[in-house]
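Going in written order, the chains are labelled A, B, C, D, E and F, and every chain counts its residues from 1.
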Amino acid sequence: MKISARNQIAGKIVAIQPGATTSHISLELPGGVVMMASITNEAVADLGLKIGQQATALVKASDVMIGVE
Amino acid sequence: MKISARNQIAGKIVAIQPGATTSHISLELPGGVVMMASITNEAVADLGLKIGQQATALVKASDVMIGVE
Amino acid sequence: MKISARNQIAGKIVAIQPGATTSHISLELPGGVVMMASITNEAVADLGLKIGQQATALVKASDVMIGVE
Amino acid sequence: MKISARNQIAGKIVAIQPGATTSHISLELPGGVVMMASITNEAVADLGLKIGQQATALVKASDVMIGVE
Amino acid sequence: MKISARNQIAGKIVAIQPGATTSHISLELPGGVVMMASITNEAVADLGLKIGQQATALVKASDVMIGVE
Amino acid sequence: MKISARNQIAGKIVAIQPGATTSHISLELPGGVVMMASITNEAVADLGLKIGQQATALVKASDVMIGVE
């Protein structure tokens, strides 16, 4: 499926931290940047996510803020 | 100011596309990945954003989805 | 691509309303419900969206609120 | 209260899955579509949510993405 | 309608700035704080919003970040 | 760091409610309004949040809805 989200960044899953209903997934992106996603435990099981697996971080442009020093 | 958002990725502004009330900012991150942010025109003026400027993309973990092929 | 978003509802595009940087897409879902998505103009062009086209509305569970009378 | 969110879809609560701070609510919409909301445990108690209860799923247009095959 | 969003803050509309598809609404809250909402032009018309009108800002807890100096 | 989010409201932390992966932070704002933020447990530790501490609630304009009676 092609998605409208403007930010689709490929990476590798380096950590999966389950909670009661929500899990935190850490994804290592190009350049060594690590991005964290908070998704439901059902999604982790549904997608069969595993550490070391290739995955994509998807973020809507309207959910990205900009900071400057 | 230190922010709770888990995703704070430093990069360089490579495009600013203004709209009627909202602008699209493209930020080049490490590894050549380009991230797009949709922010208000007031924010662009308030932060004095310019092409070539160093800036940080901030995203809450709860706004990041995961995709797998 | 399989996506972590818990809400993925198939429907048909019934309206596309472009703005300066953002477009509003109306999607008719099963049961006649119409859902509106606000996406970037780039995404409309990138996905080649047209009225009458089959498409899916994707929403993270954390972006859904509940209301009761 | 009348709300600005463009997506307000009436349905029936078919599941309530509590977590440590957040609960997942499943709402059956017209046409048999089931939508999941992730809301705080306080909200579940505050609204007195029960399985079988009529409720509305509210989603901002800016939180809806579009996918196409 | 009672809403699950944890943040529901009453105030007065002090500015309405329309754009091509989206409008920015400024709401003065208790203590003189001004909050900005970005909503669709349809919502502004649908709710009949006017400057000076009493209105409520609604925000999900998951959309609020914390910053510290 | 200066942030693009239009809503940056200073207040005092009055409650911290930890969950399995996510904590709920209550912030008392001017005029006695209390705002709730849902952030990761890592963020609470990272920012060293404590009850009584001064902190700022940050919300993107696109995450604020308007309600009217």
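By definition in this document, a residue touches a chain if its C-beta (ideal position, glycine included) is under 8 Å from a C-beta of that chain, and two chains touch if they have at least 3 such contacts.
Going by UniProt, the chains are A, B, C, D, E, F = Transporter.
Keep in mind it's a predicted model, so treat the numbers as computed, not measured.
Peer 1: Per the definition at the top, count C-beta pairs in contact and tell me whether E-F or B-C has more.
Peer 2: Spelling it out, more C-beta pairs touch across E-F than across the other pair.
Peer 1: How many degrees of rotation bring the Cα atoms of chain D onto the matching Cα atoms of chain F, given to the nearest 5?
Peer 2: Fitting chain D to chain F on C-alpha atoms yields 120 degrees.
Peer 1: Taking the mean of the CA coordinates per chain, how far is chain A from chain B in Å?
Peer 2: Result: the chain centres lie 17 Å from each other.
Peer 1: Let me have the rounded angstrom distance from the C-alpha centre of chain B over to the C-alpha centre of chain F, please.
Peer 2: Between these chains, centre-to-centre, one finds 21 Å.
Peer 1: Provide the C-alpha centroid distance between chain A and chain F, rounded to the nearest whole angstrom.
Peer 2: The mean C-alpha positions of chain A and chain F differ by 23 Å.
Peer 1: Where does chain D touch two or more other chains at once, residue-wise?
Peer 2: Residues 1-6, 19-22, 24, 36-40, 42-43, 47, 56, 58, 60-63, 65-69 of chain D each touch two or more of the other chains.
Peer 1: Every touching chain pair, please?
Peer 2: A-B, A-C, A-D, A-F, B-C, B-E, B-F, C-D, C-E, D-E, D-F, E-F
Peer 1: For chain F, which residues are in contact with chain D within the complex?
Peer 2: Going through chain F, the ones touching chain D are 17-24, 36, 38, 62-63, 65-69.
Peer 1: Report the residues of chain E in contact with chain F in the complex, numbered from low to high.
Peer 2: Against chain F, the touching part of chain E is residues 3, 5-9, 24-25, 27, 29-33, 35-39, 43, 47-49, 53-69.
Peer 1: Write out the stretch or stretches of chain D touching chain E in their complex.
Peer 2: 1-6, 37-40, 42-44, 46-47, 56, 58, 60-62
Peer 1: State the interface residues of chain D toward chain F in the complex, per the touch definition above.
Peer 2: Listed in rising order, the residues are 1-5, 19-22, 40, 42, 60, 62.
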